[in-house]
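Both of the next two complexes hold subunit A, though its partner changes from subunit B to subunit C.
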Partner chain A sequence: MARYFVRRLFAAVVLVAVVSSAALLLTSVAPGDFASELFGSGVSAASIAAERARYGLDRPVASQYFDWIGRAARLDFGVSLVYHRPVAELVRQRAANTALLALAALLLATFLGLPAGIITGSRRRGLAVSAIRGASIVLLSLPSLITSLVLVLLAARTGWLPTGGMQSAGAWDGGMLAGLADLAWHLPLPVLAIALPLAAMIERVQSQSLGSVLKMPFALATLARGVPRSRLVWRDAWRPSVGPVAALYGFILGSLLSGSFVVEVVTSWPGLGRLMYDALRARDLFLVAGCAAAGSIFLAVGSLISDLIQAWADPRVRQRADERRAGAAA
Partner chain B sequence: MVTAAALAFAACWSGERRAAGKPPVKALVSSIRAEPRTFNRYAGRDSVLEIVASLTQAKLVRIDRRTQELEPWLAESWTTSADGLVYTIKLRQGITFSDGVPFTSADVVFAFKAIYDEKTGSALGESMRVGGQPLVVTAPDPATVVVRFPSPFGPGIRLLDNLAILPRHKLEAALKAGTLAKAWDVSTPPSEIVGLGPFVLASYQPGQRLVFERNPRYWRTDARGGRLPILDRLTLEIVPDQNAEILALESGQIDFTQTEMRPEDYATLKRAAEQKKVSLVDLGVGLDADTFWLNLRPNRPPVVQHLWLLRAELRRAISHAVDRTAFAETVFLGAAVPVFGPITPGNPRWYSPDLPRFEYDPAAARRLLAGLGLSDRDRDGVLRDRTGAPAGFTIVTQRGNTALERGAGFIAEELKKVGLSAEVAPLEVGALIDRIVRGDYDAVYYRFLTTDLDPALNIDLWISSGSAHVWNPSQVKPATDWERQIDDLMKRQVASLDLAQRKALFDQVQRIVADEQPMIQFAAPKITLATSTRVVGATPALLRPSILWNPDGLGVK
Partner chain C sequence: MRIAAAVALALIVLVALAAPALAPHDPGETYRAFLSAPPMRPHVVASTGAWRWPFVHPLKLVSRLEQRYEEDTSREVPLAFFSGGKLLRLSDERDGPWLPLGADREGRDALARLLFGARVSLGVAGLSTLAALLIGALAGGLAGFYGGLADEAIMRIAEFVLVLPAIYVVLALRAAMPLVLPSWAVFSLMAGIFGLVGWPWVARSVRSVVATERTRDYASAAVSLGAGPARVLFVHLLPASRGVIATQAILLLPSFILAEATLSYVGLGFPDTVPSWGSMLHEASNVNAIADSPWTLAPAAAIFLVTLAANMLVEETT
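So, the complex of A and B:
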């Protein structure tokens, strides 16, 4: 087990190094830079050049990169060009907000998508099946920008929920519970915007997986022994069928934590995706690399969690691991 | 289930939530689209910082954004020497910063020292020079400041409208240590950020909001001696998406925005106005007309092969070829007026209505193009030059800005009708600016935001050596005779102390530009602001920040 974790940790470090390096290099070589935005603001070309020199942006890309990687190896991800603050501090602050949003969305998507997938995977027809399938296709087809805007529009028209943000001003003035309640009041909008398409994806994968499991010999034999279909589905078949969904979790977690920027921008959620979006627009090299590194860490953690869920859900995965261990001992 | 649980929890505590979120008696909420990058006005230059400075700091003099008149602010009065070079400014007495430390002339001297400090590298220092030279500021006594200009300067101390006076007692140590550019970053505790403005920063929640509370030591009162500012609290919610911003305004979650209404939002906000949810304020024609220009740098490779790209006849033909009325209807959905020059009717002091105009006339455009040797040899509707190559160019514009993308598309379509092949290439803003700065483009369609109405304060655009002389910047000597004429006129315009003479000189500049067409404008948008019906005392103006330039008179119903 320890060796497995060391191997995974090494893979994660490589992933983080590659992703953040790629982000830094691609941002460096793209046309324009942090000083470009001074253009048209009455600042002379000489001052723009001085600004570029001050941040070292006039040096060759390779030299900038090796400086940065040297510092990053000591866990110093540099200072944001825009905010003049350590990148690690900015990323940590926003990553916590994104993690909260992502975990809530993942939970909601699972609670909606998994049972829906079991229903559509275990029955061939019926009103519920058609309704769920139809809703899934619509949700999967809608870009997250549209889903977010529709939800914000609903919130604005009905007044049931705030149209954006994470907390009201002075939310914690009324104490801890009032602050948490205010947070809970702001959560549904972005959570729904992220969770609905995810739930649809989980429903589709779970439905197909359960359909396959129900065609397996053990399932057919169980049905042949007179066990009711519903009992077979909810007691025996659903657990081995969640493997493909579990495999999706690693990807979902990684993309949720690093890539929900559209939802974060539209719903004004102060998360990592929005920070990266702002950093990219401002061409804040080190902040872009820091956000990319955080995103890849989330992806690595997501993959690990996904493997653990798969091992829990599918006895064959555990069995293969046991066999590998036994082989190694022999 | 998660959502339901969250809602149930929120509902259980709704009483507390309402109590916690309940605004004080007089509070307004506005939106901003971006994060603050610093709270140090000497270290940054962006729109959010300008708003923060407008709320928390004060200047010696202020330009009334509605009337364009200069008014005393921290300065009580001033006298000018006969040659117009020396201004002796008397400061108001008894004023203190928000932390109680008295304001004196030493703070003004410090402000100039800070912006001209090389290590600070302040963009403000760049704009506070005359002919490239800094102003010399001395303080003969705590209540007097003497400002000496290096050469006669028409706008005079209007220039000081840009300069917020930050507290010497808080920032002098950083200046001496060479770290002023890093002082007052966004992690600075709000209590450290003191000023002479109507509000003090109470809190900053990154990604969420800035909360300002009234400065109890603010020095101004209203005409009847009543306290200012009127508001107890002003919150700036950070709402990056403009669609979400409009919905928040419509639903009453914010009271006003910092940007004007987009044409596509008009129907939504008109409906909200009819329901008495918002008030619409019509500010008339805007200051910033979108601008089209061709690259007139003489030595770039495509120009060497196609010298017709540099000819004024081409620019005049383009101006003739675009139907400005249709442009206003299509690109701005009718919320614009046709314009024929860079100074719009929104800037009445400097606008010149009697300039030569290249009205919509495709036949005239074709004649001008034929005069350049461009002809439709194959009868395929495409003009070709003498080498047989199609006569055309690429227009670069900003990706994601729907008005600019629509505008560039419209221009390309109109040019095709007279035989010019124009392709549109939308670019990310960073890439676009990079191409403009490097001169790597044929034509650009872009929108510059006006920061000052007086042309002398935008001198870099007009003179040939200016870095913002976009069509051919930073020339060692004027490339053309008409640019040399503009240089001469602008030098006289900047140096003249007689407003009527300055206007006459600038009219001549505009006449040359109208004839040569180095920049072509087609329409200027009509500006409408929307505020919630709770807002009172707002004095909206075209120059940004439209409402918060005058924050101490803002109130709430």
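So, the complex of A and C:
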């Protein structure tokens, strides 16, 4: 198990290094740089050059890059050119906001999608099944961009929920509790926009997977022993059937980040996505790289968790991993 | 169900192709007196209660400040089929144009922009799908055919791309190019970027089909008859994967339409002057615009319809 973790950790470090380097290099080869974007046209070439020299942007890309790598290895991600604050500090704050959004959405999607999928997977027909099927194919066709726009329209028309932002001004003045309540009031709209399409995806996968598990001999044997079907489904069959959903989590993480980017832009949620977008447009090199690093850490941790869930849910996965390790050792 | 979905998709493509004849106006035409005008519903029952040939009440401005309009029920302007080269338009536009879906904030006909935007959005998505299919089928075919190191290398890259959040890759690649580009350049740039992000989905499914088909008798027969690797791959094995390729194409198309919409929504796609579903939605980036004129979300409904039809088509196939 320890070797497995070391290997995963190594893969994660490679992912983070590759993604953040690619982001940094891509941004630095892009036409225009921070200085030219800052001043726009109509500023003398001399003052742009001076600004460039101030941040070391006039040096060759390779030397800037190796400089950055050297510092990043010591967990110093540089200073944002726009905000004049350490990148690590900016990213940590925004990443926490995105993580809150993404985790809440993932939880909601799982709690909606998994039971729904177990219902549609265990029964052939019935009102509930057709209702869930219909809802899920509609939600599957409503990506976060559209869902969030429609929810913003509803919120603006009815006034039930705030149309954007993460907290009202001065919400934390009334104390911890008032602040949290305010946050909880701002949370449902963006979370729903991300969670609804995900819930539909989870429902589809869970439904198919449970359907195939129920066709297995052990399910038939359990039924033959006189165990009621509902008991079979909710006690024995659902656990081996969550493997595909857990595997889906590995892929969902990417769409979770994508979805949260869109929703952050639509509902002005101060998250990592907006920060990276603004940084990209302002050519704020180090901030772009820092955001990319944070995003890839998120991905690496997520895919590790997804693998662990798969191993927990299905003993065969564990066994296969053991065999592979034995094969590698031999 | 499946036929209905296929018909719906075909209809949408037809509508996009026939946009110049279907749209009542030119998508770039601005009507200064009708900024953010609401949709104008056709009526068939006159205020007297009698049935009429379909007509509309012209709009009159109630409040310039709030941009509020009301139907002028005292006047009726009948609609006319096939007048002036358009399918349906007002017989007389002296009191203002017919705006079936309202106008945007510049006073442009939203229906005309939606119809012409379908050409741009579907065009970009179609071209991107083609690019993704080409790269994906080639990469997946090679990986499945040769196996071993080539397989390992290609599929590792594919998995790497799959794990990354697509929209960030698209954003980063787009932002690495000049932000302001002529519209043909935006068009081809988007198609290229989307193709680069989408190919792994195709490659994965093509690879699995090719890898199993390669061991079948007909493939060995072709090899023993002296067919070279290229011939076996392109004439025998890739055609066998046409089913999964079609499925992937149907799934990729709506996601590329959405990608265009997202890019244009955040302002990195088509400019306002090029009507596309995304550049139309850009107007909806203002909460007040959504609340006061919900018809600016019409392109979102169009995207939903295309996605729903595609999902139903695939759902029934699998």
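Note that in this section the second predicted complex is superposed on the first by the 301 of 330 C-alpha atoms of A that agree within 3 Å, B and C clash if a C-alpha of one lies under 4 Å from a C-alpha of the other, contacts with A are read in each partner's own complex, and residues count from 1 in each chain.
What we mean here is this: a residue touches a chain if its C-beta (ideal position, glycine included) is under 8 Å from a C-beta of that chain, and two chains touch if they have at least 3 such contacts.
These numbers were taken from a predicted model, which means no experiment stands behind them.
Clashing of subunit B with subunit C is the outcome of superposition onto subunit A. When the two structures are aligned on the shared chain, A:Gly32 is found in touch with subunit B and with subunit C.
When the shared chain is aligned, subunit C comes close enough to touch A:Val150, but subunit B does not. With both structures placed on the common chain, the touch criterion links A:Val19 to subunit C but leaves subunit B unconnected. Looking at the shared chain after the overlay, A:Trp185 reaches subunit B, while subunit C stays out of its contact range. By the touch criterion defined above, A:Ser63 lies against neither subunit B nor subunit C after alignment on the C-alpha atoms of chain A. Contacts of A:Ile137 after superposition on the shared chain: subunit C is touched, whereas subunit B is not. By the touch criterion defined above, A:Val265 lies against subunit B and subunit C together after alignment on the C-alpha atoms of chain A. Set against each other, subunit B and subunit C differ in how many residues of subunit A they touch, and the higher count belongs to B.
Once the two complexes are overlaid on the shared chain, A:Ser230 sits clear of subunit B and of subunit C alike. Taken together, the two structures place residues 30-32, 149, 152-153, 156-157, 163-164, 265-266, 277, 281 of subunit A in contact with subunit B in one case and with subunit C in the other. Against subunit A, the residues of subunit C that register as touching in their complex are 162-168, 171-173, 175-179, 254, 258, 261-262, 265-266, 281, 284-285, 287-288, 290-291, 294, 297, 300, 303-304, 307-308, 310-312, 315.
Contact residues on subunit A toward subunit C in their complex (touch as defined above): 15, 19, 22-23, 26-27, 29-32, 137-138, 140-143, 145-146, 149-150, 152-153, 156-157, 163-164, 250-251, 253-258, 261-262, 265-266, 273, 276-277, 280-281, 288, 292, 295, 299, 303. Of all residues in subunit A, only 30-33, 36-48, 50-51, 54, 82-85, 89-90, 93-94, 97, 104, 107-108, 111, 149, 152-153, 155-157, 159, 162-175, 177-182, 184-185, 187-188, 191-192, 195, 265-271, 274-275, 277-278, 281, 283 touch subunit B in the complex they form. Residues 1-3, 5-7, 9-10, 12-14, 16-17, 19-21, 29, 34-35, 37-38, 45, 121, 123, 126-127, 181-182, 185-187, 205-209, 211, 235, 237-241, 243-244, 247-248, 250-251, 253, 427-437, 448-449, 451, 457-458, 460, 467-468, 473-474 of subunit B are the ones touching subunit A in the complex.
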